[in-house]
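Every chain is named by a letter (A, B, C and D) in the order it is written, and numbering of its residues begins at 1.
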Amino acid sequence: MTNLQALYQQVILDHGRNPRHFSQPEHAQIDQVCFNPLCGDKIHVYCDYAVDRKTFQALSFTGDGCAISVASASLMMVALQKKDSAYFYEAFDYLKRLLAGEAVDLSTIDAFSAPEDIANMRRIQVIAGVKNFPMRVKCATCAWHTMAAVVEGGSEPIKTE
Amino acid sequence: MKENESVSESHIAQWRADFPILRTSTQSGKPLVYLDSAATSQKPQAVLDALTQFYASENANVHRGIYGLSELATDAYESSRRTIAEFIGSCYPDQLVLTHGATEAINMVAASYVATVCKPGDEILLTVMEHHANIVPWQMLAEEKELIIRYVPLDESGALDLEAYAKLLSDKTCMVAFTHVSNVLGTINPVKTMTEMAHAVGAKVLIDGAQACPQIAVDVSLIDCDFYVASAHKCYAPSGVGLLYGRPDLLEMMRPYQTGGSMIETVEFERSTFLPPPMRFEAGTPAIAETIAWAAAFRYLQSLDLDAVRLHKLNLQRLLHDRLQGFPKLKIHGHAEKKVPVVSFTHEVIHPHDLATILDSEGVAVRAGHHCAMPLHRYLDVPATTRASLSFYNDATDIDALVKGLEIAEELFA
Amino acid sequence: MKENESVSESHIAQWRADFPILRTSTQSGKPLVYLDSAATSQKPQAVLDALTQFYASENANVHRGIYGLSELATDAYESSRRTIAEFIGSCYPDQLVLTHGATEAINMVAASYVATVCKPGDEILLTVMEHHANIVPWQMLAEEKELIIRYVPLDESGALDLEAYAKLLSDKTCMVAFTHVSNVLGTINPVKTMTEMAHAVGAKVLIDGAQACPQIAVDVSLIDCDFYVASAHKCYAPSGVGLLYGRPDLLEMMRPYQTGGSMIETVEFERSTFLPPPMRFEAGTPAIAETIAWAAAFRYLQSLDLDAVRLHKLNLQRLLHDRLQGFPKLKIHGHAEKKVPVVSFTHEVIHPHDLATILDSEGVAVRAGHHCAMPLHRYLDVPATTRASLSFYNDATDIDALVKGLEIAEELFA
Amino acid sequence: MTNLQALYQQVILDHGRNPRHFSQPEHAQIDQVCFNPLCGDKIHVYCDYAVDRKTFQALSFTGDGCAISVASASLMMVALQKKDSAYFYEAFDYLKRLLAGEAVDLSTIDAFSAPEDIANMRRIQVIAGVKNFPMRVKCATCAWHTMAAVVEGGSEPIKTE
């Protein structure tokens, strides 16, 4: 598999073309936007919290972007439905380690014990193909940074470069 | 040479040989196919030699020394000003201010000319195809001085809509600023006609020649514009230097822009007086070697068979359009009748960034994004485009490589 | 190494060998004796190589491309920013704005910071030894904003009069701007103390490091100044690039200076938003290769035995003073305790221009005139001086040549 | 004779050190100044006209400058006493031809027929030594440009570079 094939694996192409949870709710408690001024890409993440103020009740996104950024956002959406911020940080940390080139053993991460969690994280593994394309890493993390801002309750638009 | 005639392979091979970077390979191991000349041009050996020679045998500060080396440097610098002035058809080198780039030159005109002559409510007329460098300085000025900015729209082909232009011009228009050649669409604008029309309502004209200077013959005297700007790094020369041509009476009345050494006549503790143009606008130590190397780039260009260069670029442009039209999912933005070999396009399925990455893996360097023309992209209703911009050092095999890369991309995304 | 110890000949010979221009001869046929480093420094082979290598194998525009070459260029440019930041002791590269020179950097602070915070009647405190670049921008601002400029005088030795400085500081002082090292007197100013004193009255401090960076170790974090400026061409690097270090909270609140590409976040037809510092202040294509070559110059300097360099310059300075004191008709201006090997002098009989011409005929390049410091010359009550400014690539034979030239001049004018 | 010796001939050194007609009158009809911003030199030329409004009645100068500029001013002063503007132009033209490297035959110039005129012009010949020092030509012509401004009745300070 060439670097390019590793980058554009079927999962990426599929999620890039048919992003999941891709919709703009009429009302969202939180609407956070990530904007890349150098290329013009823009991703909105919408979120409602459950009554416990912790669980992501409704989580969706919209935006214009390349296959990598849309697929990464879509995979994140799938993984985070009905999860909470602690889980998000675990997942983001996992992604960062993958992007740093680490071979992560999923079974060592307590947060990912349910079969569904493991399946989601396996899919997220394909995003790591971007590590050989430094200029594109920002595409892969754009939605995740936006999500971090959602969790931290910021309201300023997020920028990546 | 006649149209449709082709340029001899040996000509093209010689031009390519003059640019050392074209012999390198990219990280993917493929030979470099450089299709991003609109962002910055590559530099011929003659320019590298001029830089090295200056630093190794003539380097001194200019305009300040009595000793021989400083005289040599000053002569080299001032004669470079003459060469550069000649190249854009400026009759007198005194009309040529050396700046640090096209961006600085536009900022200078906004701050030192327009800011002093406009009145609240006056209008600045731009076009929707401008580069940020020819938009943002005017927005800043408009905010400060309560001016109104209007934009000339495009027709279907990506040319300016001259009827709309005529209607937008009025006695309220104090400044019209437009690009000579679009960095996205490749369109060559009818600058002489547009200048005449602006002058007819009493407006002044600034032309952004950043993309024109490297591609087509420029003659500011013929165009009869008031200001003209360009950047060396797009003209086969080093970064860090650019030009502002100005009509002498306007330069004369302009207040200084930056102040400091070299532009003063006398400095006293209380006040200072300033030199006449162009020195008045050249504060501090200028980009000496870079200016001298810019003149070397112009001399290099002049040494080429210019008819052959022109024809070769026309052929490249046609070939590029023809080959791209072979991809039904690909949309080219910009089909103006007169254009340079710069083509921006979008693909139905593949995002410009993905395309650029895939092309890069084939050694093909194209740009993806808004190309510092966000408003134009908004106007075209696309978030980003992929741009291939060619120069005379490109050839048909470069276009083959682009086409092959596009095929690979379509396969991958099929 | 201890003081008075001498530096080995082979060390010095190696340094000289690193600078190709020192192997050339002047028009008079004599070997070049370059004593004008305060105007601009010569460039080592390492810098020429960095320029050539970039243009021949890495050239692309920065911050804009997805393809590998553009990534290489961007990395090289941004890692050069880090190198330059480190060199002046700036902890974070984000505090380092790349400008086109010290002059532009001072103009930027005047227009984008002081102009927005000062009130009519506020005072700007300069010193009588400032270069025009650190006077005229403040005069322009003072006129526009009704500010008052005051000047710190000198003591007999050519050092700043710190008692007078203390008295001039008040809660009306909004900005204090002074040079780190005088380009005429060679004086090294006590910048840390002066900064503390200014901060104690709530004033901000800009230090003009144009002469300091090439001569002494600079640490902006230690000095704790608010702004620091310098020019590459005086630091063994190309022309066309300079720096502005700024305290992050001040940079953050500063409005853009020039506007255009690269410094924007979004551009719409109606308005634009801007990137955070340092990008906010870097409109247009920067001096890419020149910045990369500047970092190469710093790396070259770091590769030297810095103790030996320091000692050699101290020895040169002493030798220069000693030898010049052998001419009773010659008056040296500037005997401060702490100084760099820059000496300006006048002769009872011979005018500085005549001296410079005669020295030139011996291959000795010195500067004659006001050295962009007319007010200082007025203050010293001399219309012009002759200046010999040395760097570590000079040696004792250069001083011999200067002395021989002075003897010839005295003979001619006897 | 080296170029340097040709530049600093005895006449130049003498007039540089002891300039003739070097004084500032209490009242002068015309006070014209020449200023070289790049080196800081400054030369004032003072002039009164005779009743005919043509003949230079009183002509003197002051200023700071190098040997070349002061000597050239001094030699000009000597040559122009009681002369008129036509004569000045002849003399300036003569100087310019010398500076251009021409070997001028004095006997061919009608204006210089009196022995005194010829002697003055012979002395002016030494200024031509500056032709091998292009950066210094402005020093040699500074006073002459000022005089041209006097004759043309300008009042703006003259600048040379």
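Basically, a contact is a pair of C-beta atoms (placed from the backbone, for glycine too) under 8 Å apart; a residue touches a chain by one contact, two chains touch by 3 or more.
The structure presented is a predicted model; accordingly, all values stated were derived computationally and were not measured.
Participant: Which chains does chain A share as contact partners with chain D?
Facilitator: Both-contact set = B, C.
Participant: Using mean C-alpha positions as chain centres, tell me how far chain A is from chain B in Å, no decimals.
Facilitator: Taking the average C-alpha coordinate of chain A and of chain B, the gap between them is 39 Å.
Participant: So what's the Cα centroid distance for chain B and chain C, whole Å?
Facilitator: That gives a centre separation of 32 Å.
Participant: If you average the Cα atoms of chain A and of chain C to get two centres, how far apart are those centres in Å?
Facilitator: Roughly 49 Å separates the two chain centres.
Participant: Listing for chain D: what residues touch at least two other chains?
Facilitator: In chain D, 38-39, 135-136 touch at least two other chains.
Participant: For chain B, which residues are shared contacts with two or more other chains?
Facilitator: 64-67, 70, 264, 266, 353, 357, 368-369, 374
Participant: If we use the touch criterion from the header, which chain pairs count as touching?
Facilitator: Pairs of chains that touch one another: A-B, A-C, B-C, B-D, C-D.
Participant: Mind listing the chain A positions that touch chain C in their complex?
Facilitator: 35, 37-39, 134-136, 159, 161
Participant: Which of the residues in chain B come into contact with chain D in the complex?
Facilitator: On the chain B side, the touching residues are 63-67, 70-71, 264-266, 275.
Participant: Touching residues of chain C toward chain B in the complex: what are they?
Facilitator: So the residues of chain C in touch with chain B come to 20-21, 24, 26-28, 32, 34, 36, 39-40, 42-43, 47-48, 51-52, 55-61, 64-70, 100-104, 106-107, 128, 131-137, 139-140, 143, 149, 151, 231, 233, 238-241, 256, 258-262, 264, 266-272, 283-290, 353, 356-357, 359-360, 364-369, 372, 374-375, 378.
Participant: Which residues of chain A touch chain B in the complex?
Facilitator: 2-5, 7-8, 13, 16-17, 38-42, 64-68, 133, 135-136, 139
Participant: Mind listing the chain C positions that touch chain D in their complex?
Facilitator: Touch residues, chain C against chain D: 349-354, 357-358, 361, 368-370, 374, 377, 383-384, 412-413.
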